[in-house]
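Think of it as A, B, C and D in the order they're written, each chain with its own count starting at 1.
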Amino acid sequence: MCRWLSYIGDPVYLEKLVFEPRHSLVEQSLHAEQAKTPTNGDGFGLGWYDERPTPGLYREILPAWNDPNLRSLAHHIRSGLFFAHVRASTGTHTSRTNCHPFSNGQYLFMHNGQIGDYPLVRRSLEMMIEDEFYEGRQGSTDSELIFCLMLTLGLQQDPHRAIRRTIEVVENEMKVRGATSPFRFTACLSNGKSVCAIRHASDDKPPSLYWRKRDDHVIVVSEPLDTESDSWKAVAPNHTLHVEGDLTISEEATL
Amino acid sequence: MCRWLSYIGDPVYLEKLVFEPRHSLVEQSLHAEQAKTPTNGDGFGLGWYDERPTPGLYREILPAWNDPNLRSLAHHIRSGLFFAHVRASTGTHTSRTNCHPFSNGQYLFMHNGQIGDYPLVRRSLEMMIEDEFYEGRQGSTDSELIFCLMLTLGLQQDPHRAIRRTIEVVENEMKVRGATSPFRFTACLSNGKSVCAIRHASDDKPPSLYWRKRDDHVIVVSEPLDTESDSWKAVAPNHTLHVEGDLTISEEATL
Amino acid sequence: MCRWLSYIGDPVYLEKLVFEPRHSLVEQSLHAEQAKTPTNGDGFGLGWYDERPTPGLYREILPAWNDPNLRSLAHHIRSGLFFAHVRASTGTHTSRTNCHPFSNGQYLFMHNGQIGDYPLVRRSLEMMIEDEFYEGRQGSTDSELIFCLMLTLGLQQDPHRAIRRTIEVVENEMKVRGATSPFRFTACLSNGKSVCAIRHASDDKPPSLYWRKRDDHVIVVSEPLDTESDSWKAVAPNHTLHVEGDLTISEEATL
Amino acid sequence: MCRWLSYIGDPVYLEKLVFEPRHSLVEQSLHAEQAKTPTNGDGFGLGWYDERPTPGLYREILPAWNDPNLRSLAHHIRSGLFFAHVRASTGTHTSRTNCHPFSNGQYLFMHNGQIGDYPLVRRSLEMMIEDEFYEGRQGSTDSELIFCLMLTLGLQQDPHRAIRRTIEVVENEMKVRGATSPFRFTACLSNGKSVCAIRHASDDKPPSLYWRKRDDHVIVVSEPLDTESDSWKAVAPNHTLHVEGDLTISEEATL
């Protein structure tokens, strides 16, 4: 399991969310409270949008609490739409190519959860990836595989449909191959203009997902960044949350 | 704070202690129970003696739970006297040169604790190090500094005296410079033939230290490796434990 | 392109070949003489056999000339059959999972060369890997893919046939998909008892491969470790070299 | 020895100098032409000024040619005053704290060269560092030591005098201690407003140093970034080059 956050709104320095809050993402890398494991020390990553057509990416295998580069970058990089992720491996290696966020063109993707019995279904799911996205696969995680499937299933054309189809395809393959562990899928996507977060599970235990809207920004997080608990709203299980560039928010069922 | 273990006895594969016990050192890197912080993810190290005149050393900045090299090395390296250490930084950087154990000639040293208000006294303590050992200082930790002081103060000639003198020198300098935080010093030394462990603090809270003797070996640890709690004995505060090559054990007051 | 060496014979410390010769493998990591690129700084690896049923493995993303752990391990590990490899990436990422040697059960494999137009044929070749070996694939290199194909094509039953079949399969797929760059394949395999080295190319430029037999050992290398040039013999293009445990040597055509 | 570049002028993306030129700094990390060693693979670093009061810093132990983070950061970070450095160690460890540039408050410093017989004089030079700067010393290089000396000797008050005094102090100490190797010192300093580059040696072989002025910027480099050789001017041996914020240039003797 992992912890992540996403920000959309008026540009801020990344440290404002990554380091400064009482229960910042870096704090969560040591002491997550709503995750199966408190420690998220198997690498981390930043992805951010600026004036360039594709997002910036900084991914590292050290723990997030431990990296002076992260501190300096978060102090100097300002963005109006960014992702940050701290990783707790569910089995695959700790390498930069297995760290989130993943990117393809203008898209960013990050994930908390897992495909149950991943080794059972990995190969057949990989065979469904379109060549153009298969070539871009650099690591071995189930998370990157899910992202490749979404791209294959029409993310650029119809994101909501691509998400739904990906969930169906993964769950169907798990069923066919006899997977007994659940599919847990709490993830975040962006095309650089809007943010889409997903909270889904094949059983009744989707990982936690919260959001908070203020005048000039929306934050979506695995768990709240501070103790103002009534300011954070949970996303309903098996729902997606869309945050448009003008901060309009909508929620709909994943399936 | 950190966690460490030391083994002396019939040669065994390092994994026997580093990975296999229920509360192995690698398990302690994620879930230490008797330390101020449960996570010891700021690097780790192995030091071991074999037929070579100086010990082998493997130190890495990744968390111990995260390193396939450590798993393979601990599976393949067998030793009759070895050290293993998982680090939780008390302020200095995460670099290999700051990871324990430290070595000099045939000596190994590792430490759990800290010199209180280290920045206050670092410089004047460093000035006391003899040139020959100053040159060998590679990192910036208080732990390596303590080791250099012990070497300066006659470790090769009279280890017990060198330990006592080092404690006196550190505590005196802390007093002179007005340090208000305590000196916590639970450490382990070896010359390749015997093991000497120290449990000391300038206040009444020396970090934990345990040992267990079996027929063919002695283990000294920050905290027990398993739940056979009556088999582990605590070293008394402000005492050193000596384990000779024939597994004879003696304990004496540090000061 | 990469540089590698393999040793079989009376046990020696690894440093004897990795560091000590005038043109040692570590020296070759900075100044290879018979390779397209002089610098082999994109990671390295050691694989060695001892009393354990499977080989030890140490792989790192730093340059080999730069790693104090490598120096200490090579000083302390002794083996009668080992591999060492310094990597120059031909496009894939620098991660430990992309470093050689690769291992599977008792097998070790390392490679210098490349599958021409790898992105064209990667996917269809990966589809030929048997499930059991596909699961073991951790990285994204063409080298590891070749190893998986050899395992699939009967390495355990008939190594010479598996090598020949792998070359045929790779070259056929390259032809079918219209690859225009050549297949360059100079590699080394071991089951822990004997060593098999391959020097092959689909054009007339197979990477260099040499060997030298002394009373108590045989060394197989990408390029000679010293300037006693008449003591090193080149393996003929498109031939494999077999070195048995008793140091018997035979050479035969790959196809 | 190392290679470095410094830019002052209209803001540009860092990749414009770090990656794009024919003989870019990253190209120089593999194939330096005017250095004793062609390979500068022992870490690298970026330092850049933006709207924040202190500069950003990204330092890494991997070779520069090998780091996807560097590529992304150089594509996304834009600055009107930045430093970039690729390192070839002259003996000290490869750790981030030994990578250039070094920073203190608003200052950046980077260096190519070395204090001859460094172990002979290291300690006595370190003793001259003022406490406030000694505390900030994180690594063990002669380069960082020189920076600490310049800060001690009044860099903030009178940079030219601080440089001259530092050279005198280092050369005097080398003489006193009987150092026989030369002091080579080609370095660059900035306070965020102007750039000061130094080309000095105690013998007649100061490392190379060039600059080029265009309408909207000045570049200072270890060696030219392209083959327009008549556009690059060499700084005279034992001279410093000052580039003001308005791109006014002046040169004066170091001593």
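Simple rule for what comes next: a contact is a pair of C-beta atoms (placed from the backbone, for glycine too) under 8 Å apart; a residue touches a chain by one contact, two chains touch by 3 or more.
The structure displayed is predicted, hence computed values, not measured ones.
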Sort out for me whether A-B or B-C is joined by the greater number of C-beta contact pairs. B-C
Roughly how many whole angstrom separate the Cα centroids of subunit A and subunit B? 40
Measuring centre to centre with CA averages, how many angstrom lie between subunit A and subunit C? 38
Going by residue number, subunit C touches two or more other chains at 68, 93, 96
Indicate which of the five shapes (line, ring, star, complete, other) describes how the chains touch one another. complete
Given the complex with subunit C, which residues does subunit A contribute to the contact? 93, 95-97, 119, 122-123, 127, 131, 134-135, 137-140
Subunit B - residues contacting subunit A, complex: 30, 38-39, 41-42, 61-63, 65-66, 68, 89, 93-94
Quick check: in the complex, which residue numbers of subunit C touch subunit B? 48, 50, 52, 56-60, 68-69, 72-73, 75-77, 96
